[in-house]
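The chains carry the letters A, B, C and D, assigned in the order they are written, with residues numbered from 1 in each.
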Amino acid sequence: MPKTITAKEAAQMIKPHSRVMFSTFLVVGAAEQLIDALVEENVKDIHMITIATDYDDKGVGKLITNKQIKSVQCSHIGTNRSTQAQMNAGELDVELIPQGTLMERIRAAGAGLGGILTPTGVGTIVEEGKQKFTFDGKDYILEMPIKADFAFIKAQKADKHGNLVYYKTARNSNPAMAMAAKITIVEVDEIVEVGQLDPENVVTPGIFVNYLVKSEVKEC
Amino acid sequence: MPKTITAKEAAQMIKPHSRVMFSTFLVVGAAEQLIDALVEENVKDIHMITIATDYDDKGVGKLITNKQIKSVQCSHIGTNRSTQAQMNAGELDVELIPQGTLMERIRAAGAGLGGILTPTGVGTIVEEGKQKFTFDGKDYILEMPIKADFAFIKAQKADKHGNLVYYKTARNSNPAMAMAAKITIVEVDEIVEVGQLDPENVVTPGIFVNYLVKSEVKEC
Amino acid sequence: MLDKKQKRIMIGRRIAEELNDGDFVNLGIGMPTEVANHIPLGVKVYFHTENGMLGVGPAPKPGEEDKDLINAGAGYITETAGASYFDSCLSFAIIRGGHLDMTVLGALQVDQEGNLANWMIPGKLVPGMGGAMDLVTGTKNVIISMEHCDKHGNSKILKKCTLPLTAAHCVNMIVTDMAVMRVTEKGLLLEEIAFWTNVDDVIKATDADLIIPEKVGIFGNQ
Amino acid sequence: MLDKKQKRIMIGRRIAEELNDGDFVNLGIGMPTEVANHIPLGVKVYFHTENGMLGVGPAPKPGEEDKDLINAGAGYITETAGASYFDSCLSFAIIRGGHLDMTVLGALQVDQEGNLANWMIPGKLVPGMGGAMDLVTGTKNVIISMEHCDKHGNSKILKKCTLPLTAAHCVNMIVTDMAVMRVTEKGLLLEEIAFWTNVDDVIKATDADLIIPEKVGIFGNQ
């Protein structure tokens, strides 16, 4: 049964050199209040795992703008000028990963796999330094799991067992990241009693969830 | 948009040497009317992929008892004496696969992966003849995708786009197998209009589904 | 000459003719989205967005946007009847697993072997590949939608791409404001030219070697 | 001497003491299921079944069975509040990914290195491994629940397994009708003996080398 904590308490778990997964797809599905709390705590030298670095002033981009991120594994930085500027200045180490490969590497970590073979990236700079395999005339590269110490997840609803459901395209990388971190912290709009979620419709079972943080309702 | 056909039409697509996935876990989640139709057609030399071979007179076991199966990839045959008898008599080729590995191999086929590395089976006869890898002191074996020509799937409800939902533990191997076959045929208890299923709760999107077969209501 | 908008419409309309009834399609950001405006009558297609949805509908009316309902380009979308939501793993399983019938993407460069470069210009612009590498690797029919030449008038269709590749040998068809070209085993086949140009001008505007068949079709003159 | 049922209860009760509040647990078929009947007061555990459910409840009342709600042994089960259903891929991702706290399984043989054989007897019985290989590879705490000796009186706890392994070095603890043993880096440690026997008899009944600590506990005398 996950413990309910505050965003500040969640942010305080993160230490320099923590590996943290941030679910977000251009801010949709981002745990924005956890991110804000982490900006507030101003912990430095974080390793970030995310699909995209969002915008300079929104989503996980805030952490980059605030120079809290030492390195990032992601698939897209085109919407965030800070990422590219810090990368060019040698302040931020960026590993760009095809999005499907990124997701499978995260899933592999959560699912206890030692790696996966994907055809994506064959014949490109993505294959550099990686083991290659050919089966039935098709080439694959070996990609390794991406694990994390923490995942900052956003869900629409959680029951008190930590079972989660998401809302529309805000689901994105949340379910995979929830599986892949040692400690999964979920920012959630609504916490309901056990029995209020239909067991058929649970997307992330509570076994993957360690902490819940209730979103504060903000003025729009 | 999947075409609605009869169980007989579905069974008639299967030819000798077809590779067919049968979702079932001790008959739960099995497309029993498709199986019965296939027994009726009496097509021989089928390659079967299933979690378990069920019982001599129930589920996919009927196909084995009827000697329609040339080879099977599965993880459990302990409930079906015919399987073991035919295996011992050299009539049936059985590849026993750890259940989690079986599922990942099926998923890999559906997800376009060239293989996965799993720790399951290391140090056992399962690793024989397979490539081994060691990362961070932990051993893994390379397991290859399992593809199929057809999947015989059972769902509770389908809408006319082929979106599927399942019922309780009858979900089991259905979603993975639905992804992994060239032609996926779904036996379904209820076909509803488009818009009747909540898009948040669809488990198998219609993109994986080629044909629907409406279950005949049977006397209990 | 056609203006930017006319070119975009002509290209989008031509690509839409490639759609078959029941196709599952992923459209890239920008010019490719134009395809959705020209679905032929009697053809029903289903749009996929890689952030996790099948059954993407058109942009919402102003004021009816849902901030958690976006496509891969962060544009607001709507939900059609029969839609489904799923997580990014399943979304890319769909893509990489070969379940999509068509993807339409823009390009920085394409070459006559079907190689594609559309994700970075070293030292200048590194947005990242996002989902593009998976899309062109996994999808059955990869169509490039772009202007024939860059803003300096240089051909974007080369003998050999010079920018880092998105994927090798992945492109099936290229549709530009000047021509429709298909990547074949023998090379790049000029199938059609736009109504406003001629074969010689297309050859001149193209760095790649073009195979010119006996009969070259015309498109865009509707 | 204890009868079969008494042994089963004693073993199940002792294993249940290993449960911590909030644990996620998978119980194998047969004797391991007894553990569920002895959950300590104040401890809440969640049962997983590998065919795709968390929050497995006790067997239904006669007449209330749902034919589509079974555990991995095809036994009818019920759904508890807060349960969830998922497909076999996610179920084994949970298992192999190390998300379960404990699994309790039977064995044909276990050895002092923690090797386990419980899925086949060559030439005799080949049921298949089912989910057992994944369960013992992935789960944090692997506990074997079985009778100390087979029906011929031979020790099932060996220096080295002779049957094909389910996994190597996977067992953490063995609980039998005679003893509680823990697999340690130094070997198999005899932690407790059953109330009705003595250390010498346990040593005699065990093929494996046992490490005998200064103080051996007693269990089963409730």
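As a convention for this text, a contact is a pair of C-beta atoms (placed from the backbone, for glycine too) under 8 Å apart; a residue touches a chain by one contact, two chains touch by 3 or more.
Source: prediction; values computed, not measured.
Which number of steps is the smallest that gets you from chain C over to chain D via touching chains?
2
Looking at C-alpha means, what's the farthest chain from chain A?
The chain farthest from chain A, judged by C-alpha centres, is D.
With respect to inter-chain C-beta contacts, which pair, B-D or A-D, contains the greater number?
Of B-D and A-D, it is B-D that has more C-beta pairs in contact.
Once you find the CA centre of chain A and the CA centre of chain C, what distance in Å lies between them?
About 29 Å, centre to centre.
Please tell me the distance, in whole Å, between the geometric centres of chain B and chain C computed from their C-alpha atoms.
Comparing mean C-alpha positions, chain C is 35 Å from chain B.
Taking each residue of chain C in turn, which ones touch at least two of the other chains?
53, 79, 85-86, 92, 95-96, 137-138
Which residues of chain A are in contact with two or more other chains?
Residue numbers touching two or more other chains: 104, 107, 111-113, 118-119, 166-168, 200.
Viewed as a graph of touching chains, is the assembly arranged as a line, ring, star, complete set, or other?
Topology of touching chains reads as other, fitting no named class.
Go through the chains and record each pair that touches.
Between chains, contact exists in these pairs: A-B, A-C, A-D, B-C, B-D.
Under the definition above, what is the set of chain B residues touching chain A in their complex?
My answer: residues 104, 108, 111-119, 133, 135, 138, 140, 142, 144, 165-168, 198, 200-201.
Any idea which chain A residues touch chain D in the complex?
Residue positions touching the partner: 1, 107, 109-113, 159-161, 163, 179, 194-195, 197, 199-200, 202, 205-208.
In their complex, what parts of chain C are in touch with chain B?
22, 24, 44, 46, 48, 53-55, 79, 81-86, 90, 92-100, 137-138
Sort out for me which residues of chain D touch chain B in the complex.
Contacts found on chain D: 49-53, 66-72, 74, 79, 85-89, 91-92, 95-96, 115, 125-134, 137-138, 164-169.
Quick one: in the complex, what on chain A touches chain C?
Touching chain C from chain A are residues 25-26, 28-29, 51-52, 74-79, 84, 87, 96, 98-101, 103-104, 106-107, 118-126, 166-176, 203.
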